[in-house]
Amino acid sequence: MTDALIALVALPLTAALLALLLPRIATALVIFSGLAITASAIALLYGVNTAGALHYELGGWTAGLGIALRADGLSAILLLMIALVMFAASVYASAYFGKASERAQFWPLWLLLWTALNALLLSGDLFNLYVTLELLGLSAVALAALSGKHAAVQAALRYLLVGLLGSMLFLVGVALLYAGYATLDLATLTQVVKPGPIAWSALTLMTLGLLLKTALFPLHFWLPPAHGSAPAPVSAVLSALVVKAAFYLVLRLWLDVFADIVTPTAANLLGVLGAGAVLWGSWQALRAERLKLLAAYSTVAQLGYLFLFFPLLLALPPGPARDVATGGLVMLALTHGFAKAGLFLAIGIVQQRSGHDNIQELGGMVQRLPLTTFAIALAGVALIGLPPSGTFLGKWQLISAAIATGQWLWVAVTAIGSLLAAAYIFRILGHAFGNQPYPHQAVAVAREEWPALLLTLTATLVLGLAGAHVWTLLENGS
Amino acid sequence: MLTTQWLYALSGCLLLALGLRSALLHPALLQRILAINVMGSGVFMLLIAIAYRGPGMPPDPIPHALVLTGIVVAVSATALALALARRLTREQPHD
Amino acid sequence: MNATMLLIFDALLLASIIGLAWAALASADARRSVILFIAFGLLLAVAWGRLLAPDVALAEAAIGAGLTGALLLAALQWQPRKTADTTNSEQPTHTLLETGFRWLVTLLCAALAGMLAWSLTQIDAGTAKDALANAVAANIDASGVSNPVTAVLLNFRAYDTLLELAVLLTAVLGIFALGPAQAGYRIAGPVFTSLTRWLTPLLILTAGYLLWVGAHAPGGAFQAGATLAAAGVVLRLAGRDQIGLPRGNALRIALGAGVGMFLLVGLALFALGRPFLGYPPAWAGALILLIETAAMLAIAATLVSAFIGGQPTEEKTRC
Amino acid sequence: MNSATSLPLLVILSSLLPGLVIFFLPEGSHRLRTTLNLAGAFVKIFLVGVLIWGVFHGQSYETRWALAPGLDLVLHADKLSLLFVSLSSVLWLVTTIYAIGYLETSPHRSRFFGFFSLCVSATVGLALAGNLFTFVIFYELLTLATYPLVAHRGTPEAIRGARIYLTYTLSGGMLLLIGTVWLYAIVGQTSFVEGGVLSGLSSEYHTQLILIFALLIAGLGVKAALVPLHGWLPEAMVAPAPVSALLHAVAVVKAGAFGIVRVVYDVYGVTFASELGVLMALGIAAGITIVYGSVKALFQDSLKKRLAYSTVSQVSYIALGTAILGPIGTIGGIVHLVHQGIMKITLFFAAGNYAETLGIHKVSEMNGVGRRMPGTTLAFSIAALGMIGIPPVAGFISKWYLGLGAVEAGMAGWVLPVLILSSLLNAGYFLPILYRAWFRTPAAVWPDEHIPAARFETHGALLWPPIITAVLALAAGLFAAAPYSPLEWASLIAQREYGL
Amino acid sequence: MNAAMLLLIWLLPLLLAALSGQRYARWLTVIAVLPALIAALTVPIGTTVSLPWLLLGVELGLDKTGRLFLLFSSLLWLAASLFAIGSPKGNIDSTRFRVFFLLAMAGNLGLIVAQDMLSFYLGFTLMGLAAYGLVAHPASLRARRAARRYLAWTIAGELILFSAIVILAQQSGGLSFQMLKTTTPSDLVVLLLIVGFGIKLALPGLHLWLPQAYAVAPAPAVAVLSGAMIKAGLLGWLRFLPPGDAALIGWGEVLMVVGVIGIFFGAINGLLQRHPRLLLGYSSISKMGVLTLGIGAAWAWPAAAPALISALVIYAAHHALVKGALFLGLGLVERGGLRPWIWAGLGFLALALAGAPLTSGALAKSMLTTSLPDQAHSLLTVLGVAAFTTVALMARLLYLLWQQPAKPVAPHAMLSMLAWLLLLALIALVPFTQADASQLFSGGVALLLGLIAAALVVQNKQRLPELAKAQGRSPKARRYLRARWHRIVLLMRAMQTRSRTLGSTRRVIENSMHDALQPGQQLQSKKGTDSWPLIGSLWLGIGALLLGALMMMT
């Protein structure tokens, strides 16, 4: 079972190297390794489900001296999501990048990003987390700048600076913790960390760095341009996975490692920022005039929901109630991952076929690109939080927990945010349904349409209907 | 903690703050990239100060290894940042 | 040197470091900033040496100050000359609000430093914090090398290093994706050209030495790679396009060599039933050297590529 | 899975699967699409028949599927759900036939029929929902499935109408969701149980329960078009006629009303709701809506808008019946669920026929249309009289039970005047139409005559659906006391709710 | 068999209505009425049919009252049907007319055999609404107005009845008339029933629909309207509020007062009319006053009720046949012009209505007066005066017919004349089969007095229009009335505008929502979001807050 832990890092990294060395067969290689990685993720999930949390000591050195890879229910689920989204986006990208030279540059970076994501989710070591964060950041920036357009490069540069600032603060936190507790192993740290200036400062600094990376309002400024100007498969992965990786770390730190340190007030602060993100992000998405910007702002908003969970989880006593709410959080994160990736992929199709992604000029799209429009609609369903998407279940738990703990503000925020989401999604669909003649020759490629469709279907149907398994997995894998 | 550790650790903090401030406030791109490097150096100094055990004592090798890794990561990031910045100026001709 | 002298030295050193950093960051002139930053890096190397971290000192000198400096200097080539003017002209445009925010940032940065300092006072001098250092010492024999830093870097925390090499690879691939390298440097003077004739082999030799010595003394793949890269930089500065950097497939192999070798070793061991990256103690030394050699090549190729700012084009190859 | 656990699911799938297949059919494959549509409709009716047979023989059908801890998707066939299910399956069949005729030559039929089937699937799911959670899911699905239908024509007006529709319904859905979650937070479950589940709660929760009730009703009231939440209904009239028929008679509006019935009877329990004092509020809201809708309808010249406001008014009869404590009022409300459906669908079919055959969209253009299209106009007349509450059309039965229930509950003082006033107003806006259609001399040319009178006054597929539903409306009233009539059914439901 | 016949009373007209578009449809109306006639003659009293599955459970049955009602109604319908068949094609010989005629017939005849409230109500409504089609049949503006007024009143009446029935059903716990005999109705119910049926019976104040409807509808339609259908109100009272309940005593007195008012109100108004149809219409109002009076008396003196009811039914039958025949006669005149023998026939009918000896009128009146209890002697006076006014009215009718030169529009149709003559014969002969001589000779004095009065009235005919003016028919008064109506119209319009304003307010809100949902071109502001000092402050500020929050632990 623990082989899967190694495979999840080694496979994409090896594939990246091979793709670098053998650009001609890179596409086939990516698809093949993508399948293998997905299989590993499934194996890992299976293992976690049957045997509980797994860990693997690299090099045979005990954790502390060496580095341990760890996987529990949460990380295993997210890893599978990463695998599926990346795989779908890979299939899409194989058609999206028309020129062989483009693909040759793209695939190695793409696989490195995949490596980084997997490594980050599996890492059980503070400093190793820093390295994976940097690997993730650099590969994401490199991919975001891939188009070479001025706006893209500019956005990527800002993305890079922001990412570096974030990592730096994270690293300071790591240093502080090492100074205080002489360990880098998360599991060890969890046991020894005590409230006090070191823990407070370290948590503050690490959180601060991660908040910047996960683009929590009001630190989201870098995200829309970066996600909005990257190539479509990259935008998909940036929005769906990369920001979520940073969020995952925040979650880990706050709920596991520093569980004894965090206070309700601090969690409320995150909640307030989350609320700001929901409202502001949704509002900006509503005002966006380009599809990609809309999707990017929607990401800002959707991340906000995740942060709304912090005050709720802290207010709930540890036990079943909190576990159920945590499941809701995971469900939201999962659904958003699939839906947003699918949305960006679909937007990419629109952009390629019509040469633009101006929302005002989408008239007739539903006739010419029915499957693409359908994918956008499905993604919209998930983003709004309508059933049967997983978001619906997630928001249910969000509202439920808020009511149970008497935190009505978050209920209102969720409601308004959802309605704003509906407004921006149906703004697209309204234009798409227009009966104006669609001026562009639009023949969609199945390799592009189907990944988008399947991802959004996963978000809306699979997660919604098979959602109970998420809770079971989290419970079994803890 | 030893006085030396203190001195260096505090300087590290200072460098960090200095770098952070400039990274946020400096109008020029190049200096901001430098500032982030300065920040990194501050953290490295902190780590190495922590590793220090006094004259004649073998220092803790782990922070050293971390810093080594950090330096390489920093140079990678700097190189990428500079490349991006260069691409940007090339795109945007100035006279 | 007695303790007081040492303290004064420390104070002076740190004051210089901070002063240089301040000066480098406060300057609006890019060139000035870069030069001050290189000086800052060199002084840092001294500081690392003072804190008994010679590996770091070497790396800082070679990479932090050296190659970063080179990269920055190269960047000055395309950096707009009139940064000073532009910043001057920008200065008065700060609105009151903006000024307020600037002060606030300054204040908060100071607070950050204060908070860190406060936290540091809380570090108790228990024995626990030596636990890891002791563990390293205890396991050093099984690591295959005697330099503890190298042991940590390439054995205990080899996984970090693997990913770090991946970071390097990512950076260079990112740079390559931005476009081909540009020949844009003026040819150095004849003195420099002749200098390169003996400087280059010297650097290569140094690199080899650093690599070899890393197993038991300060040094290792990174320092060696950086030195090797310095040779490339020197050649480049001498106006050579042919700077020892391979082209095409060979370059890709070189860039991927570090990660590749690491993975190869790790996976091979894994296939043989060992833990991933778990060297058998008897082979550890050799394997580490193998990996380090590949890593050195990769680092050098990467840094030179970064320095020339892109993928060297095939057409420019001189026969 | 045996039939007891799979049948409710199959009922949904019988329209869902054909719908999904239809999406992918090329525009030209008319025959296959029609076959699929009709096959689905007939299979559904057959399955519903099996369900009815089983339920009346004491068999219990339930599909249960866990979606999250404590949250089960439950499809449960009880008498109330079967009433709604049978209504929607039968009317779906009729509407499908009608839509096939109506959209004969228009573009994007695959898309249309795909969403059409989804819409019905959602309605059936909503009807079969065994708890409020499941109900909410299908309630939202219904919104989604109807949006493309309203926007179908793609004109700016259609898209505007669809957007308004959506703004209202999604906001309503959100309120419903919050109410449901709140309820869940208090009770820990949301199952529909005859007689309600809340009466055991201590009085400290009562304020909360009242607020929850307000949220739930506000959420459901949007679809049920309770004033002032009705604004979407006239705007959604831009949709093609079969869609209007569906919105007003089978699916959307009915879903809201059905939800109100569920909440009052099977969540709160009507006695408990009455104790809380919320029934009276609901009743007053319904009363205001009934009168307001009728008054608005008086002033509409557009036929479809007049019908739309009529719906606003009529659907609140259901809410009114729900608000009347006592089995008789309950019967009135529940039976009107069916009666309003068949009558209103007839009216919309007829309105569609006028528009499609002669290009008539306004009341003022209807002079003498009875002579040109006697079948359609006869159907229209029967339904309109039923709406006024003229015996023996079905509407009378509803009105009768509402009135009787109100007297029984001691609410006659205001319910009867409301009923009377509404009937008067109904007469005021329907009878002039009938007069024009039957007694005025027709204009020399019709506004836009597409379909010449041949063997029938219009296409057979357009003519027969309204006639069938008109006959149904007549039969539902005439044979109200017969076994298996909607009324009998409603009585059985009411007996169960009151534990009689 | 008998049960089937009762059912057929309902079913046959309805079924035939469905066929009335066919070519052979002319005789359908005659066929449709036959089951009722046969049932009235052959079906034994006490026959019941129970159809629990129909509607909310239908009970049909024939009792003594019902039988007589059925008899005279079916006879009148038969005569009217025959009369209608003789009418020229294209006018009332049309599918539409036949459908409404048959529907009204089904309702009217059906409600007579109904033994539960709902089937009665069903018949009543069917009759009332179908009659709208008869009134509205002529394609004239006047007919349209009259029909609209008729409809408004009818629907209002039906809704009031509905409320009453609902309450009554709740009070009695069932729908059957049988149960009502043991139920004490509440005052509200009684009031509602009085008003509801009072509209049909054209009680004064509730009569406004009647004159114009009678004036415009085709003759056979008016015949059944004035003869048969109007009596449904009476039957309604008898069925829903059977005398004998103490609660009705007070209401009986009220009803008697109303009846008296009705008698004179109808008579005086009738005298002021120049149009024979209007005159006859007001005469009906007056006669219905008599019936109202009778019912009131039956309620007020329960002991006398059985006899009174029999008398009232006879009176109703008499009035139905005579008034129907009068209208059919008018129809003949309107069509083919006045012929002496028609005038004679009308004269006979007028005498019968006025209660001249040897006519059905005498029989009916004498039965009514004799069945009144002793306490009701004042009513006798009233009835006497009423008879006097009837005479005057009839005299004026004959005079008007004589005076106004009729313009023949078409030749007389054999069938129509035959129908009328048959009806005349029936009216003339039936009294002799049913009554003893004393009853037939009563009322002579009143007739005599009446004739004298009529002569006086005829002499003073010049002054009548002035009287009409005094009644508020002057142009000025008419303007006033119109202004008042106008004001109501204005009010309605204002309401409409108000609702439109509300609508537009909502539209403004909606539009602004749309604007919000669909903003114009809004450029991404780079400056605002890219301000590093601001972002830095926010970022680090969040850090400071976070640290503070974390430190709040202890």
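To keep things simple, chains are lettered A, B, C, D and E as they appear, and every chain counts its residues starting from 1.
Following the convention adopted for this analysis, a contact is a pair of C-beta atoms (placed from the backbone, for glycine too) under 8 Å apart; a residue touches a chain by one contact, two chains touch by 3 or more.
No experiment lies behind these values; they were computed from the predicted model shown.
> Along the graph of touching chains, what's the shortest path length in steps from subunit A to subunit C?
Steps on the shortest route: 1.
> Of all the other chains, whose mean CA position lies farthest from subunit D?
Max centre-to-centre separation from subunit D belongs to C.
> Taking CA centroids for every chain, report which one is farthest away from subunit A.
E
> Go through B-E and B-C and name the pair with more C-beta contacts between its chains.
Comparing B-E with B-C, the pair joined by more C-beta contacts is B-C.
> Indicate, using Cα centroids, the chain positioned nearest the centre of all protein chains shown.
Here the chain at the core of the arrangement is D.
> Quick one: report the Å distance separating subunit C from subunit E, using the average Cα coordinate of each chain.
About 106 Å separates the centre of subunit C from that of subunit E.
> How many angstrom lie between the centres of subunit B and subunit D, each centre taken as the mean Cα position?
69
> What's the distance between the Cα centroids of subunit A and subunit E, rounded to whole Å?
76
> Can you work out the whole-Å distance between the CA centroids of subunit C and subunit D?
Once rounded, the distance between the two centres reads 72 Å.
> Where in subunit C do residues touch two or more of the other chains?
102, 105, 109, 112, 115-116, 120, 123, 129-130, 132, 136, 157, 160, 164, 167, 170-171, 174, 178-179
> Which parts of subunit B, given as residue numbers and ranges, touch two or more other chains?
9, 16, 19-20, 24-25, 46, 62, 66, 69, 73, 76-77, 80, 84-85, 87, in rising order.
> So which bits of subunit D are touching at least two other chains?
If we look for residues of subunit D contacting two or more partner chains, we find 163, 167.
> Run through the chains and report each pair that touches.
Contact pairs between chains: A-B, A-C, A-D, A-E, B-C, B-E, C-E, D-E.
> Would you tell me which residues of subunit B are touching subunit C in their complex?
1, 3-4, 6-11, 13-22, 24-28, 30-31, 34-35, 37-38, 41, 44-46, 48-49, 51-53, 55, 58-62, 64-69, 71-80, 82-87, 89-90, 94
> Help me check something: in the complex, which residues belonging to subunit E touch subunit B?
Against subunit B, subunit E makes touches at 532-533, 535-536, 539-540.
> With touch defined as at the start, can you tell me which subunit D residues reach subunit E in the complex?
Within the complex, subunit D contacts subunit E at residues 160, 163-164, 167, 231, 295-296, 299, 385, 388-392, 397, 399-400, 403-404, 406-408, 412, 416, 419-420, 423-424, 427, 431, 435, 438-439, 441, 477-483, 487.
> Could you pull out which subunit E residues touch subunit D in their complex?
Listed in rising order, the residues of subunit E that touch subunit D are 52-57, 96, 118, 121-122, 125-126, 129, 133, 136-137, 139, 144, 147-148, 151, 155-156, 158-160, 162-163, 166-167, 169-170, 495-496, 499-500, 506, 510, 513-514, 517.
> Would you tell me which residues of subunit A are touching subunit E in their complex?
Residues 158, 195, 199-201, 203-205, 207-208, 211-212, 218-219, 221, 224-225, 261-263, 265-266, 268-269, 273, 286-289, 293, 360, 423, 427, 430 of subunit A touch subunit E in their complex.
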